[in-house]
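To start, the structure itself, in structure tokens.
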Amino acid sequence: MPADAAVPSASPPLPTVPAPTVRARHASVAAERPLVVVEGVTKHFPVSGGGFLGKSEVVHAIDDVSLTVREGEVLGLVGETGSGKSTLARLILRLIRADTGRITFDGQDVLGADNRQLKGLRRQMQIIFQDPFSALDPSMRLGQSIEAPLAQHGIGDRASRQVKVDELLGQVGLDPSYAVRYPSECSGGQLHRVVIARALSLGPRFLACDEPTSSLDASIRAQILNLLIDLRDELGLTLLMISHDLRVVRHISDRVAVMYLGRIVEIGTRDEIFERPLHPYTQKLIAASMPERAGDRHSLVQGEPPSPINPPSGCRFRERCPLAIEACKELPPLEVVRPGHTVACIRWQDAAATW
Amino acid sequence: MAEVGGAMARPLVSSLSVGARIRRFHWAFIVGGTFFVLVCVLLVLTPWIAPYDPADQDLLNRLAAPSGEHLFGTDHLGRDIFSRILQGGRFSVSIAAIAVLITGVTGTLLGAISARVGGILDDLLMRLVDALLAFPEVLIALFLVFVLGPGYGTLIVALSISGWTPFARLTRAVTLEINTRGYIEAAEALGCSRMFIIFRHVLPNAIGPVLAQGFLRFGHQLITVGDLSYLGLGVQRPESDWGAMLAEAQLYMIRAPWLVIVPGFAIFLTALSVTLAGHGLRQSLGRRPPRLLGAIPAKDEPAT
Amino acid sequence: MSLSGSPADRASVPPVATSATSPIAALDAAPAREPLIEIRNLRVQLPTRDGLVSAIDGIDLTIGRGEIVALVGESGSGKSMTALSIARLLPPAAKVVSGTILLDGVDLLKLTDREMDRVRGSRIAMLFQQPKATLDPTSRVGEQVGETLRFQRHVGRRQAWARSVELLADVGIPEADRRARAYAHQLSGGMAQRVMTAAAISGEPELLIADEPTTALDVTVQAQILRLLTTKVRDHGLSMLLITHDLGIVSTIADRVVVLYAGKVVEDGPTARIINEPNHPYTEALMRSSLLIPLADGRLYAIPGGTPPPGEELVGCRFRARCHYADELGIADRCAAVEPGLHACESDAHHCRCWAVEDGLIQVQPASAGSLP
Amino acid sequence: MARFIVRRTIFLLATLFAVSVLAFVMPYFGEGDPARMILRARMGGELALDPAVVEAVRRQFGLDQPIPIQYLRWLEAAVTGDFGQSFTNRQPVGGIVLRALGVSFLLALAALVLATIIAVPLGILAALRSGGRRDSVIVTLTQGLVALPEYWLAPLGMLVFALWLGWLPAAGWTSPISVILPASVLCLRPLAYLLGVTRASMITVLESPYITAARSRGLSQFLTLRRHGLKNAMVPVMTLFSIWLAGTLGGSVVIEVIFNIPGLGRVMYEAVVNADMPVVQAGVLATVGLAIVINTLTDIGYAALNPAILVGESNG
């Protein structure tokens, strides 16, 4: 079920929110051209049953997820541990293979790509991980780390690659002397810049950022977010920003998708999601992490996310949902309920009334 | 991007050598390593520095006590013990070294590949390792001697059959740990080849522990070689190594204790030196700043 | 270098709702609470590759009875070290170089190991960041909850177990008698932190030290655990030292906030004041960057540079290199040469370590009264 | 748990089967005709053999059959405990091996228990102040133990304690006292390894958050060690113990030969020297089989000790 295909256009920004001005240019440029299209993708991980006698259980990491990332936009993906947001990013980059479904990048089939095609796709899609300390090989100098993918793709000769490394370092705000350092000689913030430089080395169009700031201190976090926005503006990147930190997502995203236990429960423009969240889970999430937005209207959500091994039938949030009714045992469809706003909740109208 | 602009002005002061990861070698590595190198040099130079022909008998001068003429005395046939120690060492050390080299390389590669590939291959390999763990080395050697007859080659085969398992286990464990690191997934995402990942990421990071293990195994193999030779199943006469010398000496133990003491000491010291070197290497590798509950980051942003 | 604006431009941090139990005016006027913990001039050093390094460099900290104090700072600022120092659980390599930690007037640093054993659990209890890792994987959680009772109060095994089950039920664990028999790996992070809470309050301590108790948890669970902690602390009249890097958490539950920077207290005062009218440039900068409030040009405010590397010789104000006021006000030389003291601001309850604030060079603009509850 | 045990047992049986094939078939790949071996063993030397006699022996022992048939016959008999007759003294092999195995097991157990009793407390002592002087002294001394060859120490020990001082019997397996010297020599190397593992795993455990947490609940250092430290630290120690026990069972050949102990090591050694094939086959099977059983039992014990392992197991 293509979630956003039917939506005519992104709704204009709501007047109540001071829109960040820098990105206005891109918001209009962000045409309807879909860059990454995920359709009905499912991924289950076996947790046991290696060999005989093993009764197999599976983690429902991703269940029937459809999603479109449009060229030039920043799509925020939020959700808690076990919601499958990181898995989704890895599926898009084919670091792991989806069980079923279709993933295309700029019209090119990702799931069915052979090794040669995959290598081509790798030059267009990149990912940045959470922990910069683990993302760089401690036995390699930073310059070598940045150069290695260029060499692997047979780009340039050694000398031109060195020039490119210095250029990339400059792009992320580091001077060329960092090329000869080892990771152990740098701080987390600096390493994060190097990781970003390496991801940009192949000139990707799409960058997935998996919790890019959650291991950083507040002051460094702001530096890295600024850098990502600058790079996006400069290079015209499309970003998938995965985070459990709603403040980060709210700041950086054009559109936001909310995941819960392997399913997308709500997608909409940034302002739609943060100003009028329609799914009870989204509401609880915003209330919990940005108390100043929700005030006291929203009580805490009860209980903890159920195990993804045996997720509840129907709406997966229903066991914790204050609005749950008998009909929630049926799987709610993702419906476009407002322009630029899609939600999977049969009681979204009642939920909207509580906000 | 302006935020760290000031950092550029900062002069770069850092140790940029490859040894940057090991700030200082542990004393045990230096002591053990030096002694072992010395032993190796002596053994290589044996033909030129041995005072006597190790096979020359001097029946008038049997079981002579250590003296200026015979540094470690003579044996029951009047042969010079010092020369025989040098000669025998060439066998003991070379057999152990070859066995460690063979098992080290095979075990390391098998372990790394098994952990990278995973799945059924990995499962089977680990089951094999488990099974081989149950085979006592000396027993395997006995069995092989039974099948192939004693000799230099049998010894090496016997030591190699199960000798690779510690390397495979270690490398597999290290590789599995490296597998969880972000740089491996990043390399995959960047389209780096499998071979690149194994040879450029996994092995360089595993090599330290493997080397340390190699030293420790060397000591172990040296002792096992002696073990088999002592039983008469290893190096055959007229050649003899340290273990065989010990066995021959036992009859004259009471009259000439140095016959027992000297070859044993040779094995002990050589084994000790490599063990110390391995231990020291492991310490130097493992010497990270103490983990203090995240109290202090390694180093932080340079102040601007 | 883009700076946030002129010194007069300070009120751009929006007011944040503070807990209803601590109206700012009442706190300022309230008589000082009877102190439970008084830390004076605490210095702790750690061995690193670069030699001995001060992790804590002369911290003064007071926690009153029944008070919730939040200790805030970035990684490496010495928060956890302070917590571990109070419980005397520093790693063996760490050395307390000087200072006193008074619990009800008794210096904990002078107690024998056995005496200290009796203080832990019965008078001081702790919560940690990784709740699942703080539970022994080989021991049933009920056993662990009952340990303080068994080994401090000498309650029998069976009674201790029964009490554990009660405690587990009390911290909101469903089917407590069944869960008591579980092992750590069978619990979620939130459940594990509830178990740790049950264990912590089992000995009816006077002080609860919570070291980043919710950092590793999901947002929705974080809020639950925080609520649980505040309820328990208030119900039992405990004092709490809450260690966090998240200023958002602080505003809702703490009475008082202490801000650490590079091993030193740079500001402390009532929560509402610290949040709404931070005096120290670092506190202000931390507030801005934590809340991710965009500047006029749409970018985020970021504190330039980073914390000074451990082991660096520090002269003068530690924050000077990252502080734009020092340059704009033309007092950089002084800031670089002489370290400012911790001086009282408008009220005795509020202290700040900054030359600019001490000399009145920065005009602190109070948030409008209407924005406070 | 039950599933875990079943899986382990199946693996155990599979390995045993593989070992039995190897033990039986391998000797046929060696040089020399088994029939001639038998005759040589019986007559005790290299003689000119009458081809007719060789042929008769071949038929008598069923050596003219294809190897798989011979194997099945051997296996069939082996299952009932009949491993054939020794070529040299014509006694039933089963009895010889079983008696020897008992002796070796006692010796190995004595040595390893001794090693553990010394190694574990020392390892813990070293770990408690890791990096300190006490730690480095203990660790350095251990490195020395690893490098000590038993076949050197044993004669020296005999020389000193039996021949010079006369405190202990020089050799033999007659009274409980005769265990002391061989077991003491045998225990040194495992002692070093056990100590190393105890220390390393104790250091890891002591750094674990749950130890700090237990201290924060008011448990003294001793109580914390007893309740939370030991159990967690002992898992790798147990594994190593069982690996050494398995290894020492058939691996203490030298010690048994030197001290003239009628264990499996010496029996195997003599069988190899005398080309006594049925004893070699049964000996290999018995040693390896027992070793695998020990390892399996350890794995199961391991899972009982740490319930989280079962979860990990099911993931793999």
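Order as written gives the chain letters A, B, C and D; numbering starts at 1 within each chain.
What we mean here is this: a residue touches a chain if its C-beta (ideal position, glycine included) is under 8 Å from a C-beta of that chain, and two chains touch if they have at least 3 such contacts.
Please read all numbers here as calculations on a predicted model, not as lab measurements.
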Is the C-beta contact count larger for A-C or for B-D? B-D
Look at all chain centres (mean of CA atoms) and spot the one farthest from the centre of subunit C. D
I'd like the Å distance between the centres of subunit A and subunit C, where a centre is the mean of that chain's Cα atoms. 32
Find the geometric centre of each of subunit B and subunit D from their Cα atoms only, then give the gap between the two centres in Å, rounded to an integer. 23
Centre-of-Cα separation between subunit D and subunit C, whole angstrom: 55
Between subunit B and subunit C, what's the gap in Å when you average each chain's C-alpha atoms? 50
Expected list for subunit A, residues touching two or more other chains, is 50-51, 187, 189, 220, 223, 226
Could you tell me which residues belong to subunit B and also touch two or more other chains? 2-5, 7, 123, 297, 299-301
What positions in subunit D touch 2 or more of the other chains? 316
Please output the residues of subunit A touching subunit C within their complex, sorted ascending. 18, 20-23, 80-81, 187, 189, 217-223, 225-226, 229, 244, 246-248, 250-251, 284-285, 288-289, 291-292, 295, 300-301, 304-305
Quick check on the complex: what are the subunit C residues that touch subunit A? 14, 16-17, 74-75, 188-191, 218-224, 227, 245, 247-248, 252, 285-286, 289-292, 294, 297-303, 306
Subunit B touches which residues of subunit D in the complex? 11, 15, 18-19, 23, 26-27, 29-31, 139-140, 143-144, 146-153, 155-156, 159, 163, 207, 243, 246-251, 253-254, 257, 265, 268-269, 271-272, 275, 277, 280, 284, 287-288, 291-292, 294-295, 316
Quick one: in the complex, what on subunit A touches subunit B? 50-51, 93, 95, 118-119, 122-123, 125-127, 129-132, 134-140, 145, 148-149, 152-153, 172-175, 177, 180-182, 184-190, 193, 195, 198-199, 201-202, 220, 223, 226-227, 230
Tell me, which parts of subunit B touch subunit D in their complex? 28, 123, 127, 130-131, 133-139, 142-143, 145-149, 216, 219-220, 223, 226-227, 230-231, 233, 243, 246-247, 250, 253-254, 257, 260-261, 263-265, 267-269, 271-272, 275-276, 279, 291
